[in-house]
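Shared chain: subunit A. Partners: subunit B in the first complex, subunit C in the second.
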Partner chain A sequence: MRHFIRAFTLVEILIAISLLGILTLLLSRLFNSAAITTSMSGKRMESEGQIRPLLDRMAIDFAQMAKRADLDFYGKGTADGGAMTGNDRIAFFSMVPGDYPSTGSESPFSVIAYKVNSSLAAANAAVYTRFQRMARGLVMNGDSSAINDGPIAFAPVNISTVWTSVTSNATTDSKYEIAGPQVFRFEYYYLLTNGTFSTTPWDPSLAGHASPAGMRDVAAVVAAMATLDSRSRVLLTNPQVATISGTLIDYAPGSGPGWLLTQWQNALNTPTNASVQALPRSIIAGIRLYERHFYLAPTPQ
Partner chain B sequence: MTRSPRFAPPKGRNSDQKGAALVIVLAFVVLLTTLVVAYLSRTTTDRALARSSFDNTSADLLARSALDIIIADFKKEMTDGGTPPSPSTNIVPQRSGSFGDVPNLIRRSHRSDVPPPPAVASFASAVNSTDDASLNGRAISAARWNKHYLIPRRAPAIGETATTVYTDPIAGFIPPDWVFVTNLGPTVLTAPNPAVIGRYAYAVYDEGGLLDLNVAGFPSANSTDAGYLRTIGRKGVLAFADLTATGLSFDAVDNLIGWRNYYNANPAGSYSAFTFAANPTEFIRYFLETGGPAGADRNRNFGVVTTPAGYSSANPRTDQAIINRTELLALRKSLTFAQDAMQYLGTFSRETNRPTWGTSGTVLAGRFPLSRFDLFTTTPPPAANTSGIQALFGLIYVPSAGSVAEHWRYVGKIGSALLSGIPAVSGSNQDPDLFPLLQYALPTATIGEILSIGASLIDQCDGNDETTWIEFAAPDPSSPPLKAFGIDRAASTEADAPSRPATVLVLNRAFRNVGELSYAYRNGSTSLDFRSTTSTDAPLLDLFTYNTANPRLGTVSLNTRNSGVLAAVLRGAVSQDSTSSAAVVSFVTQTAATNAANSIVSDPVLGTAANPAIGRAAVARLAAAGGSRAGATEEEQESIARALAEVGQTRTWGLMIDLVAQSGRYPPNATSAADLPRFVVHAEKRYWLHIALDRFTRQVIDQQLEAVYE
Partner chain C sequence: MKRRGNWRDSFSLVELTLALGIAAVCLISVFGLLPVGLKSNHNAISQSASASIIAAVVADMRATPKAATTSTQYAVSFGTAKTIYFDNEGAIAASFGPTSRYRLDIEFPPNPTAGAATFAYLKVTWPAAASHASATGASEVFVAFDRN
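Take a look at the complex of A and B:
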């Protein structure tokens, strides 16, 4: 006697497999979306987590700037700094601790400098297109034979004369440290005390104002930065990062706050550079843009 | 009943496998929970960081707003106090509280301090910054309030010495109370208020009454070189204040000056071991600005440091500035000099270089530079000086001819005709030549008196011994010209010269300070009076200056309550000068300087505490208060004027505002008056604001905001 064991019909199996496929597809998309969301959120939080202390650090550096007419300020628009295309550089004296030489009495002042390293030397690959800060602690000694470890150099000696590495993104200096490994684009401009924005740190409409003169006309330094999280960054080569950086334009004089970030975001949304267009969209989407006003201590008006 | 084979368990599945689904589901639940917890943890941390940043920003904004409020209160006090100040006691900020033991302290936020009008009260509530800790344990100790050492330290305890490092103030110092800030601004609270967004407490110190260490002090502090001591003793710039009077050792002074003026004082040795020659001429040359063209202004701004050309590793000398008090504290720590000296030392002094006597503040553009008298150094004057002499003095030189000796003709700034009167100074921002200026200061004097004073001033600073006389027109054009005589070492040979005093002292050198104008004579008979309360010559003290920089650095408030500061300025001042290098010169001793300074501050009638100086003209009164401590003669007593008038000022309120601001809130359950201290502090910010406010224009001359990190 034949014994029949009941089983699923072919139609049932087909329907089940179809449902399973649909469910799997939906779930995979759900998980994928969740993963992307989680990943993006993680990247954002990573960027935020790194940029906030950096911005706080910079805020202190700027707030503590030694604002005296007889002390030099190196930056965009100054005689030494010039117009600065691409990543900007800035250097000034500030009352913050720094990296002091091994001998000498430590003064409360340091030479602070910021730049994005662009050295193509193989030895500098780890710092290439990364935001660096120099805090060179100055000593009290007036008799230092190494003047770049010595006391504050007052005018007419310029920062760029003594601490030459501040003048070029490609110049390396062991005193520079990576302050923002995610920051690959750094641009800044000045908020003047008359309420306008400028690429020169003084108000030319005022008679006799043609130099920083203790930054008397500057209320704040407005810095814009672009960051790329570490997970995205490992997927790019240094030249690719530099290429992306190159598509983010310089600040145009007279533009207000937010304008620069809008231009940068537009450049990332619709890249015109073929190399950038070829990059995965997820990487471009991971680039985060920041702009912050760093207010200086007030100067009497 | 038999189970349907369709629903029979698959072959080979045992009972151990029955819970697999549950395990898998639980695993997913655990995984998801872990992910969620990790995510929440991260976002919570992130939120906390953001909150901390927000709180810090709030505290910073609160601190800056509070400083604005305090400054606005001082400006209001100036406005309400009248310009010129009326009554004259309004020339200085009103003091609140009893600060006899803390002479630098002007005001603080304290519930019981009610400064007299026109000062504005602080809105302090009855919560003390030191005694009443917040709900989360935050308090500002008295030692922290004295981090700057502007309050005298308590006596050393058992096991401590004067060199023990501590900042605990004297017991008489009562720390400030908190001023609570709601959305309506500073508010006096009697019970917690949910609208409170933060609080601040402050103390205001008279930094203008301290010795600005960017200028004060000279090296080779234990020098015995007679020529150098005489040069220093003639004063004229704050650099010649004797810092050893503040308790600093000779070595400490030399190390300070060696660091500050490493280029311009050219010390030997190295940091913390500087040494100087007994007569460091480079230092003198720098601060007195000697060696320039005759008659040129000495306008060095001591607030600007210049690194010399050629600065390099091979030539690394440059001067340094003490940029703020934090750097001064670091310098003290590095050089280990006396902490108690810090209460006499500041880093910030400014003065609009303009007089305040009478209406001079608006009529005159500035003070008359003493360097202009250098045009008379040689007689006859070089051709290069003649135009300057007429423009600045209204005089034309006349060489001797026959029986008529060389002399000067008073013709005014332009022209060559003799004048019979002196043009009046009127309008605003005028820069008159000497004689209209003298007439402006001494309105009741005749033209003869004015010209005789001018002639005597020329005699004091020219290099010859012949008596100068000035020819001027008589009121009646038909009458012969008249003569006004000065006094020099040699009596005039003119028949109509007045009789001269039995003894005269003629400097025959450039004026060093405005007080030295007292060596001049009126009508060739009586010297100018800078040492009595009834002096009519005193306005001259306010109208001349050695250093013409504007604003001027290196000044001391004549109304300082810190008598030790005045003692440092007075110590070593020449009390009896001499024109002979071999002659003995007398100096104001430490004891005499201390006694004179105490009298200047505390004399119940003439002292500045009871009767503040409204301008440099008041220095004559201060000399009356303390001059007898320096000696009995007129010259000795006027050493007070010679030391103080040039470096003194009254028009600037030089303040250092020490402010601590805390952002935070009251908890919901804090409702009663007893809960007032139960404030929850979120973040804290401390600032030292150095600010120079002009009492007469109410303008901020300069300010420096110094963030304090502890």
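Take a look at the complex of A and C:
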């Protein structure tokens, strides 16, 4: 009988297996929460990693802006720019290299423009609701047949009359490139040299100031952006992204920095739109908001 | 004799204990990697976040018009040392709170040359509650502004 006693009984094995099961369950939960943490921080790192070069690029573009009274600026509050509801557009001359035509003498100037594309055409599905940048290199000796490539257009010629694609989010132009595939909402306003915030790029309280005039009254352009990481993005259709974008309100004149992001965060935390409410919270939580001051070099007096 | 051979086939207590011991050592070394991975992940996020905090504050200070002495976004007064606390999402607070994760200290080293650049020294440390000496990580930058 001795050899029977030495072997395990069925009860012992059952207890051992159930203990093992409980331990495995605990460990798998540990692994699960670790995986959730790493995937959330991975999304965050991706957002941060992609927005940083974009913000740096924009900071250079704005700092090198060509500020002269006879050079046009297209943007919110200008005669041709208007109030701009929804995603904003901006275009200006800047001393940065651009996409030059194959012939001609390259000038140091480019037309820089930003927008979030809203073209619904099937061919543009890859750029719809994505942040685009145009850097159109201008040549010194452009001719009238290819005025889009330069030379630089002096007043009274406006940027919007030569480079018409800057005036609409829905227009596509092969010179626009995706600069921020994650950025789906772009809004900006101006910090004037008198320290106030405005949607008009000049200080109307000063006598005779009624046009950008080389952005002489603007100290900085303050841009707010909303991004969605690529792993959350693939779970949404382009129209769904556009719907989320639509619930993020426009900047209200006079509001200070931080106000816009607070409004956007509130809109995401407690969505009023039924189709945004129906989206998984994990996707909404992946939306990150950024606000950055882009300094303009002071205008020489 | 045949019966004796039968019970020899089953595992002995010593064998089982050894097997369990080896399995436990393997498991412990595998699970030991988990916190190491999480910690390095956490550190990478902190480094990346501190870089964007510094970039945002410097951009704000640089954009401050000459007429103003206080920056608009983070309310940094030129010439006055300041400490700001940031949470995970980049929201700011003037004093340490339960959600604070990063601590930013701004100092203005004097520049004796009149009419020269305004210096600023920015240092982000984390965790927010720790003093500079006991912080687990830090990133810092020295910048000069033209405020003339």
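In the analysis below, the second predicted complex is superposed on the first by the 267 of 301 C-alpha atoms of A that agree within 3 Å, B and C clash if a C-alpha of one lies under 4 Å from a C-alpha of the other, contacts with A are read in each partner's own complex, and residues count from 1 in each chain.
As a convention for this text, a contact is a pair of C-beta atoms (placed from the backbone, for glycine too) under 8 Å apart; a residue touches a chain by one contact, two chains touch by 3 or more.
Treat the numbers as computed from the prediction; the structure is a model and nothing was measured.
The superposed arrangement places subunit B and subunit C in clashing positions on subunit A.
Contacts of A:Gly254 after superposition: neither subunit B nor subunit C is touched. By the touch criterion stated above, A:Ala220 is placed in contact with subunit C alone, subunit B being left untouched.
Of the two partner chains, subunit C is the only one that A:Leu192 touches; subunit B does not reach it. In the superposition on chain A, no contact is made by A:Pro204 with either subunit B or subunit C.
By the touch criterion defined above, A:Gly21 reaches neither subunit B nor subunit C.
Within the superposed three-chain model, A:Ala66 lies in touch with subunit B and out of touch with subunit C [touch as defined at top].
Using the contact criterion defined above for the overlaid structures, shared-chain residue A:Pro239 touches neither subunit B nor subunit C, since it reaches no partner. When both complexes are overlaid on chain A, the residue A:Pro280 reaches neither subunit B nor subunit C.
Judged by the touch definition given at the top, the superposed model places A:Arg292 against subunit C, while subunit B stays out of reach. None of the stretches 63-71, 99-107, 513-521 or 603-611 of subunit B clash with subunit C in the superposition except 63-71.
Residues 6, 38, 41, 45, 48-49, 52, 56, 298 of subunit A lie at the contact with subunit B in one complex and at the contact with subunit C in the other.
Within the complex, the subunit A residues that touch subunit C are 2-3, 6-7, 27, 30-31, 34, 37-38, 41, 44-45, 48-49, 51-52, 55-56, 59, 191-195, 197, 219-220, 222, 256-258, 265, 288, 290-295, 298.
Across the complex, subunit A is touched by residues 3-4, 6-7, 10, 31, 34, 37-38, 41-42, 44-45, 48-49, 51-52, 55-56, 59-60, 62-68, 72-73, 89-90 of subunit C.
For subunit A in complex with subunit B, the residues that touch the partner chain are 5-6, 38, 41, 45, 48-49, 52, 56, 63-64, 66, 68-70, 95, 104-109, 140-147, 150-157, 297-301.
Listing the residues of subunit B that touch subunit A in their complex gives 5-6, 35, 39, 42-43, 46, 49-50, 53, 56, 258-259, 262, 270-272, 304-307, 309, 311-314, 316-321, 323-324, 326-327, 330-331, 334, 700-707.
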